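Heads up, the next two complexes both have chain A, just with different partners, chain B and then chain C.
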Partner chain A sequence: MDSVLPQLLTGLATASSLFLVASGLTIIFGVTRIVNFSHGSLTMLGAYIGWSILTRLPRDPAWFALGILLTALATALIGVLIERVVLRRVYRAPELFQLLATFGVVLIVQDATLWLWGAVELPLPRPRWLRGFVEVAGGRFPFYDLVLIAIGPVVLGLLWLVMNRTRWGTLVRAATLDREMVAALGVDQRRLFTSVFALGAGLAGLGGALSLPNASANLGIDLSVITDAFVVVVVGGLGSLPGAFVASLLIGILQAFGIVLVPKITLVLVFLVMAVVLVFRPNGLMGRPQAEAREAALAAPVVRAAPPALRWLGAVALVLAVLAPFGAGDYYLTVLTDACVAILFATSLHFMMGPGGMASFGHAAWFGIGAYAAGLLLHWAGAPMPLGLLAAPVAAGIVAALFGWFVVRLSGVYLSMLTLAFAQIAWAVSFQWVEVTGGDNGLLGVWPPDWARSPRVTYWIALALSVGVALLLRRALYAPYGYALRAARDSAARAQSIGLDVARLRLVALVIAGAACGLGGAIFSYGKGGVFPTYISIPHSVEALLMVLLGGLQTVAGPIVGALVYTGLADLLVRSTDLWRLVLGAVIVLLVTAFPEGIAGAARRLWLRGREA
Partner chain B sequence: MAVTRRLVLGASGALAAPGLLRAQGGAPIRIGEINSYTAQPAFTVPYRNAMQLAVEGVNARGGVLGRPLELITRDDAGRPQDAVRLAGELVNDQKVDVLAGAYLSNVGLALGEYAAQNKRLYVGGEPLTDAMVWEKGNRYTFRLRPSTYMQASILAEEAAKLPAKRWVTVAPNYEFGQSGVKWFRQLLAARRPDVQFVGEQWPALGRVDAGATVQALEAMRPEGIFNVLFGTDLTNFVRQGNTRGLFERRSVASLLTGEPEYLDPLGDEAPEGWIVTGYPGEMIDTPAHKAFASAYRGKFNAKPMCGSLVGYALINSIAAGIAKAGSVEVERMVEGFRGVRFDTPAGPAEYRAIDQQGTLGVYVGRTALRNNAGVMTDWRYIDGKDLLPSDEVVRGLRPASAS
Partner chain C sequence: MLLVAGLNAHYGRAHILRDMALEIGAGEVMVLLGRNGAGKSTTMKSIIGLLRPTSGRVLYGGRDIAGEEPHRVARSGVGYVPEDRRVFADLTVMENLEVGRQPAREGQRAWTPARLFELFPNLGRMRDRPGGRMSGGEQQMLTIARTLMGNPRLLLLDEPSEGLAPVIVEQMAAAILALKAEGLTILLAEQNPHFAGGIADRATVVEKGAVVWSGSMAALRADDDARRRYLAV
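Right, the complex of A and B next:
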C-alpha cells in the first residue's frame, strides 16, 4: 500500500501535462468554434523547438525556464501564422471545414518537421538537477515531476487571472458565450481570434517543451497528443478551463491506478471514461450547452435533385466505369475497386453528416466492424464471400443501433467526440486482443472465391454494390424519411413539435450509415486479402471526413466526387514522392480555402450562376 | 559441409561468371520494395541507403544472370492495405520480378498473403513476427531477419545464467510485445523451473505512461526485468526508471535495445549492464563487416545502423537466390531460394528450406556507456540456425500448404 502515494503523485504529474495541452485547445474552441486538429502538431513543434533552444542554452534551471518561455513564444507565433494564412480564410465556411484545413496543416507540419529535424527522435540531455529525486514513501520520486505537478495549477491560476481580470479576458469569455453578439457590439473579431489562437498555440508549445525532460521530441507526438487532448477537453466540457483541469486530474489519476489494477486495458480506459461522462453529462463535466451560433441556425439549403445535364454526366460516368476493365490494367482496376469502396465510405458518412447533421469523427469504426465481421466469419465458420458481404452490414448495423442509443442524444462536437471515442475503443480491441482479432497482424486469407478472384470481377462486384448502395441512400434522402431527417437536423425543437421522433430518425440514419459503411469494409477486405486494425485508425476516419468535405456536403454527388478525387490524388502522390504528406496537406489547404463549399458545391454554384445570368 | 561449401561456390560463381560476359546486354531484374518510409523514417532510411549500396555492388560485379539489378521502392505509410495495393502496382504495372520489403509485421504478413495469392516471390527483410514463416507461412514468402522467437530465445538463455528468480515483464500491448513475453517466459521457465514471473505491464504502443509503469514495476519488487519496449516508449521508460532507481541492483534483459536505432537516442542515459540483442555496428571487426561499414560510411557519411545491415543483406540474399535459381520464373526462384547460402556483413547465412527463415544471426551483449553514449560490450554473434527450434517442431508449426 505504500505505493499509493507515489502512484497518485505520478498521476498528478500526468494530469498537469495533459492540462497544458488541453487548455490551449479548449480556449481556441471556446472562442473560434474550431476543432483544431493541428493542436498536437503545435505541441510537437513545441518539443522540437524547445529541444533546439534548450540544447543551445546553459543547463541551469533559470536558463531552462527562459528556454521554455521562448519556445512558448515561438509556437505562439507559428499559431498566428497558421491563423492568418489558413484559418482566417475559412471562418465563414460551414462548420467542420476548419477541421479539414487544420488537418491539412497536420500533414504539412509532419513533413516539415521531418525535413527540419530529421527522423531520429531527439531527447533533451538532462542535467543533474532534472534527474534529481525526493524520497516519497520510502521510494524515489522525480523532482521534475513535482515541478510539473505545480505548473498545472499555476498555469490555471494565470489563465484565470487573464480571463477574469483583463479586458481581453472579458472579451474572450463573452465571445465564448455569444460570439455574434460580441461582434455586433463592435469588437474586432479578427484580432480577438488571432490573439486567442496565439495563446492556445503558446500553451501547446509550452506543453511540448515541458514534456522534454521526461520524453523526447519525436514525430509521433502530434497524433498521440491530439487524441488525449480531445478526450480531456470533451470530458471537461468544451471551452471550459476549470473543466479541462478537472478532467485532466480525473484522467491522469485514473490512468496511474489503472496501470496497476488492469494493465492491459489502459488505452480503452480513457475512452471509456469519456463515453461514460458523455452519457451522463452530454456537455461534459463543466460545459454549458452550446449557444446556437446564429449563422449556423440558417437552415442549410435543401439538397435538390440533380439537373438533367448532371444526370446525363453521371450516366456517362457509370457506363465508362462499367466498361473500365476492358481498358485499364490490373493495377488500375484495384485502384478503381478502392475508389468504389471509398464511395461507400464517403456516401455513408455523408448520409448521417449532411442530411443527418451528425458529423462522425469515428466513421472508420463501422468500416472495421464490417471487415472484422466478414473476416471472423470466414475464420470461425468458413463463411464464403456472399455470406460475408451480407453479414458485414448486418453486424455494423446492429452495433450502430446499440451505440446509437448513446450518440443520438448528443449534438455537435460532443457527438463527434463520442464517435471518435467509440472508434478508438474498437481500434484498441482489434489491436490488443490478439487471441481473437490477431492483433496488428490482422486476419489473413480473406480472399474472394475462385470465380470472383480476378481483379475484373472483384471490381464489378464492388462497383455494383457501391453504386447500388449510393442510389439507395439517395432514394432514402428524397423519401419522406429523408425530409423528416433533414427537418430534425435543421430544427430539432420544431421537428419534435410536429410529431417527429427526432431521436429515432437519427438512430435510423446512424444504422443505415453504419451498415453501408460496414459493407464497404467487407468489400475492401476481400480486395486486400486481410483485415487489419489500421482500418479503424483515426487517420482512416479522417479520410472519410476529408472525402465528404472535399466533395461538399450540400449535394448528393459531393461525397462521390470527393471519394474519387481523394483516392486518385493519394494514389498518385504516394507513388511519385516521399513528400506526399506535404503535397497532400497543401492541396487540402488550397482546396478548402478556394472552395469552402467543396468541389461539387463549387461546381454547382458555377453551374447555377451560368443559369441565372 | 562439403555440399554446402560447393553450394556457396556455385552460387557465387553464378553470381559473377556469367555476369561478366553478359552484363551489358540484359534488361534489368527488377526488385519492387515496399516499406514504411514516411511512417518509420528513422529505421527505413538507413535501410534503403544500404539497399542502394548493395545494388550498386552487385551491378559492379556484373549483375545477376548477366542482368543488372534495379530497385524500385514504395512507401506503404505504415498501412498493410496500402502495401497490398502497391504490391499490385509493382507487379502489374512495373513488372517487377521479386517483391521485397516491410518493416512492420502486419505489412510483412499482408505482403506474404499477397504473394501466396498471386504466386509471386516475396522476401521480407525486417518484420519480426514468427507467424510470417510459421503459422501463416507460405510457399512464396521468405524472411531474412531473426524473428521474435530467435531474439527472445537468446535472451532467455542468457537470463537463465543469472541468479534472479523474481521476474517481471514490460511490453507494448500488441502482437510483437505479447509474443516476445510469451517466448521469454516459456523458454526461461524451461531452463529454470525455480523462476517466478510476479507481474507484468502492458503499456499501449507509443503511449507509455512511463512514470506510472515504472512505479507499478517497482512495487512488485522484482529481481529481474524483461523489457520489450522500444523507440520513444523505451526513451521515456528509461528516463523514469533511471530517476526512480528501478534498474539499480536488478538484472534487465531487453529485446532489440542494443540496436543503434534504439540505443543512440538514449544518449548519456543509456542503461548499463542490460542484456540486450542488437547490433554493435562499427565495433565488428570481421573483414566482411569492415568492408561493408567503410563502404557505407564512404557513401553516406554515417555509421551503418541495424536497418542498414538488414537492407544490405536483403539485396545480396535476393541476388544469391536468383543466381541459384538461374531464372526469374517464380516457381524456380522459390526452389532456388530454398537453402540458398549467401554472405552478409555479419557472416554467412542461408534461407532454410524447411521454413524459409533466414539464418542471419543475433548479436547479444551488454549495454555500457562510452563517451556519454550507449554501446554494446561483451557481445557475440550467434548464428541464426542455432536459435531455432528443432525441425520437428517447425514442421508442426507450418501449414501443410506452405510446402
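Right, the complex of A and C next:
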C-alpha cells in the first residue's frame, strides 16, 4: 500500500496538466471542427515563454502565479495569430488540408523555437517554496503536485461556468452543435472562432507553463504532448469537456502506475486502454456521434485511368529508369534509390487515403515496422536480405491488421488522430527498448549480401520492387475490390445496404497499404545499412502526406509524380539550408492556404478557366 | 422590401434556381408554393446567404445582399427559420432563445422571452428543457421564437407546417397571423396550399427552380388550371 498513494497522487498531477492541454484541443475541435496539430506546439511555446518570464520575475508565489497567467495570455495571442493567418483560410477546405495546415505550423514553431531559445533544455530554477513537501498519509509528497492536482478541477469548474453561464459560452455550445445555424441567427463566426482559438491556445500555454517546475522547456514537448492530448481527447470523446477530464484522470493514473509496473511499455499500455475504450464506445467515453456535416460535402476524388499519351510517357520513363545506372554516378544512384522507396511510401499511402478515404498521419509507422522487421531479423537471426524483404511486408501487414481492427470503424478525424498516436507509440518503442532495437543508435550493419552490395544492384532491386508494387496497387484499384472500396468511401451507408462489408474493405486497404509501405522501409534500410527510430518520426509521416498532396489524390500516377518531385526538392533543401523545417512548414502552409481545393484541383480549375475563355 | 431578380444557384453541378424572381412589399405575406425539390428552400438559403448564388440580385431595403455572409444578412433584419428545425438539441429553450438574440432596430418593439411565451404558451412551460427532448411541434415553435429574438423585419419561414399534427398546424397558423398583425413581412414556403390560404396575401408558384405562376391568393383560388397543373399531388 505504501507505494500506491504517492503513485496515485503523481497520476492525478499528471492528469491535471493533461486536462489543461486536452480541454483546449477539444473546445477548438468542437466549434471549428479542426483537429489542431499545433496544439502541442502552443504548449511548448507556453513552456519556453513561461521560462523566459518566470526567470525574470521575483521568486515568490504571487509573482509565479502572475507569470503563469501572463504566459497563458501570450500563447492565447499567438493562437489568435495562427487562427487569423492560417486556419481562417482553410475552414472550408477538406479535412486533410486543415490537418496539414496545422502541421505546417508545428514545423514552423519548432524551428522558430530552436532559433529563439536554442537547442539546450531549459529547466526552471525552483525556489524554496516550490520544492516543499507535504505529509500525506505518512508519506512526503511534493507541494507543487498538490497545487497541480487542485488546478485541474478548478479549471474544469471555471470552464463549466463560462460555457453554461455566459452568452459567449452559450454561443460556443450552439456552434458546436450547428455552426451554420448560429451564423444564420446573426452571430459572426469569425469572431467566435478566433475567441475560441484564443481560449484553447491559452489553456495549452497554461499547461505548458505549469509543467515547468516538474520538467523543463525542451523541443520534444510539442509532439509528446500532442500524442497524449490526442489519446485523451479520443478516449474522452471529441468535443466533450467532462470526457476530457475523465480521460485525463484515466490516462494520468495509468501512466503513473504503468511506469512502476511495466516501465518499458507504458505507452503501449495507454494505447491498449484507448483501443479497448474505442471498441466499446466508438465515440469515446462521453462523446456523441459526429453530426453529419451541414455544409455540402465536397465531391470525393475520382480515380481516373491515364490517357494513352501518359502511359507512353510512363513507359519511356521506366526504360530510362532501368538504364539510369549506366549514366548516373553513385551519389545520384542513392538519390534514385531513395526515390523508388518514396514511390512505395507515397503510393501505399495514396491507396488507403484516396480510394480508401482514410487519411493517415502516421504512415511512417508501417515504414518503420518493415525496416525493423528486416533489421531485427538480420541482427538477431542472421536472416539474409531476401528473407528480410519478405518478412517486412508481412510484419507491417500483420500489425496493420491488428491496428486496423480497432480503427477502421471510426470516423475520419478519429482515425487520423489514432494513426498519429500509433506512429508515435511505435517510435517510442523503437527509441526506448534499447536492448532490442538499439534505441537512438539504431541497428547498424543492415547491409545487403555481397552480390547486391553495389549501388547499381540495390537500385535495380528497389526499382523492380517499387514499380511492381505500384502496378499491383493499380491493379487492385481497377479490380472489383477497388470499386467496392471507393463505393464504401463515397457512401458507407449505401455501400452497406448493397451488401458490401465496409469495415472489412477498409481493413484490407489498410493491410495492403501497410504491407507495401513496410517493404519500402526494408529496402530503405538495406540501402542505408541501418535502421533508426527517425524512420517512424512524425515528420517522416508528413513527408508521405506531402508527396501524395503534391501529386494529388485524383490519379494513380499522382503519388508517383509527387514522390519524385518531393525527393528532388528535399534533396535540394536539406543540402542548402539548416532551417529545413521552417521552410517546409512555410511551404505547406502556403500551399494549403493558396490552394485550399488541392493542387490538382487548382490546376484543374485553371485549366477549365483557360478553356472557357 | 425584398426584391429577388435573375437569381441562379447551384449545388455542385446541379442547377437548382433558374432566374428566380420575387417581390415582397413591407407588411406583406407571400407564400412560395411548389412541390418537393421545386427550389423553395434553395431560394430561402440563397437569400439568407447559406448558399452563395451564382448570379442574380437580392435587394433588401434597396441594398444588394446577394452573396453576403449569413450573419450580416441576419443582422440587417432578415430572420430565417429552416425547414428541418435545427434546434440546438443540448441547449435549453432559454439558451436557444439566447443564441438568437440581437438588438432591436429603431422603432421596433424588441422581442423578449416573455413576449414570445405569450405567442407560444407551450414554450413558457418548458424553459429549462433541452431542445432535443421536445416534440416536433414544440421544436418548430422554438425555432420561430429563436429567430424572432433577432428582431427581424423580414421573416423567411421554410415549411413551418411540415410533419405537424393538425391541431399544432392550426396553432402555427394563428401564431403566424399574429406576427402578420405585428407588421412583420413574411416569406413563407409551403407545399400545402390550404395552410397558406388562410395566411398569405399573394402567392408565387415555383417549379424546377423557376417561377411559373404568381398573383394574389384570390386569383390562385380562381385559377383551377394552375392549381391542378402545379400543385396537385
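By definition in this document, the second predicted complex is superposed on the first by the 518 of 613 C-alpha atoms of A that agree within 3 Å, B and C clash if a C-alpha of one lies under 4 Å from a C-alpha of the other, contacts with A are read in each partner's own complex, and residues count from 1 in each chain.
Heads up, the rule we're going with is that a contact is a pair of C-beta atoms (placed from the backbone, for glycine too) under 8 Å apart; a residue touches a chain by one contact, two chains touch by 3 or more.
Keep in mind it's a predicted model, so treat the numbers as computed, not measured.
In the superposition on chain A, contact of A:R311 is made with neither chain B nor chain C.
In the superposed pair of complexes, A:R165 makes contact with neither chain B nor chain C. Touch criterion met: A:L267 reaches chain B, while chain C stays clear of it. Once chain A of one complex is fitted onto chain A of the other, the partner contacts of A:G11 are limited to chain B, with no touch recorded for chain C. Legend: residue contacts after superposition of the two complexes on their common chain; A:D145 is shown touching chain B, with no touch to chain C. With both structures placed on the common chain, the touch criterion links A:A183 to chain C but leaves chain B unconnected. By the touch criterion defined above, A:Y331 lies against chain B but remains apart from chain C after alignment on the C-alpha atoms of chain A. Note on chain A: of its two partners chain C and chain B, the one contacting more of its residues is B. In the superposition on chain A, contact of A:L444 is made with chain B only, not with chain C.
The interface of chain A with chain B does not overlap its interface with chain C at any residue.
Chain contact summary for the complex, chain A toward chain B: residues 3, 6-7, 10-11, 13-14, 111, 114, 119-123, 125-126, 131-133, 139-142, 144-145, 213-216, 218-220, 224, 255-256, 259-260, 263-264, 266-267, 329-331, 334-335, 338, 428, 431-432, 434, 438-442, 444-445, 447, 455, 524, 528-530, 532-535, 571, 574-575, 578, 580-581. Put simply, chain A touches chain C in their complex at residues 167, 170-171, 173-174, 177-178, 180-189, 296, 299.
Of all residues in chain B, only 37-38, 41-42, 45, 74-75, 77-82, 84-86, 88-89, 91-93, 104-106, 109-110, 113-114, 117, 129, 131, 136, 173-176, 178, 200-207, 209-213, 215-216, 218-219, 231-232, 235-236, 239-240, 242-245, 264-269 touch chain A in the complex they form. Within the complex, the chain C residues that touch chain A are 11-12, 48-50, 69-71, 74-75, 80, 82, 86, 88-91, 95-96, 98-102, 146-147, 150.
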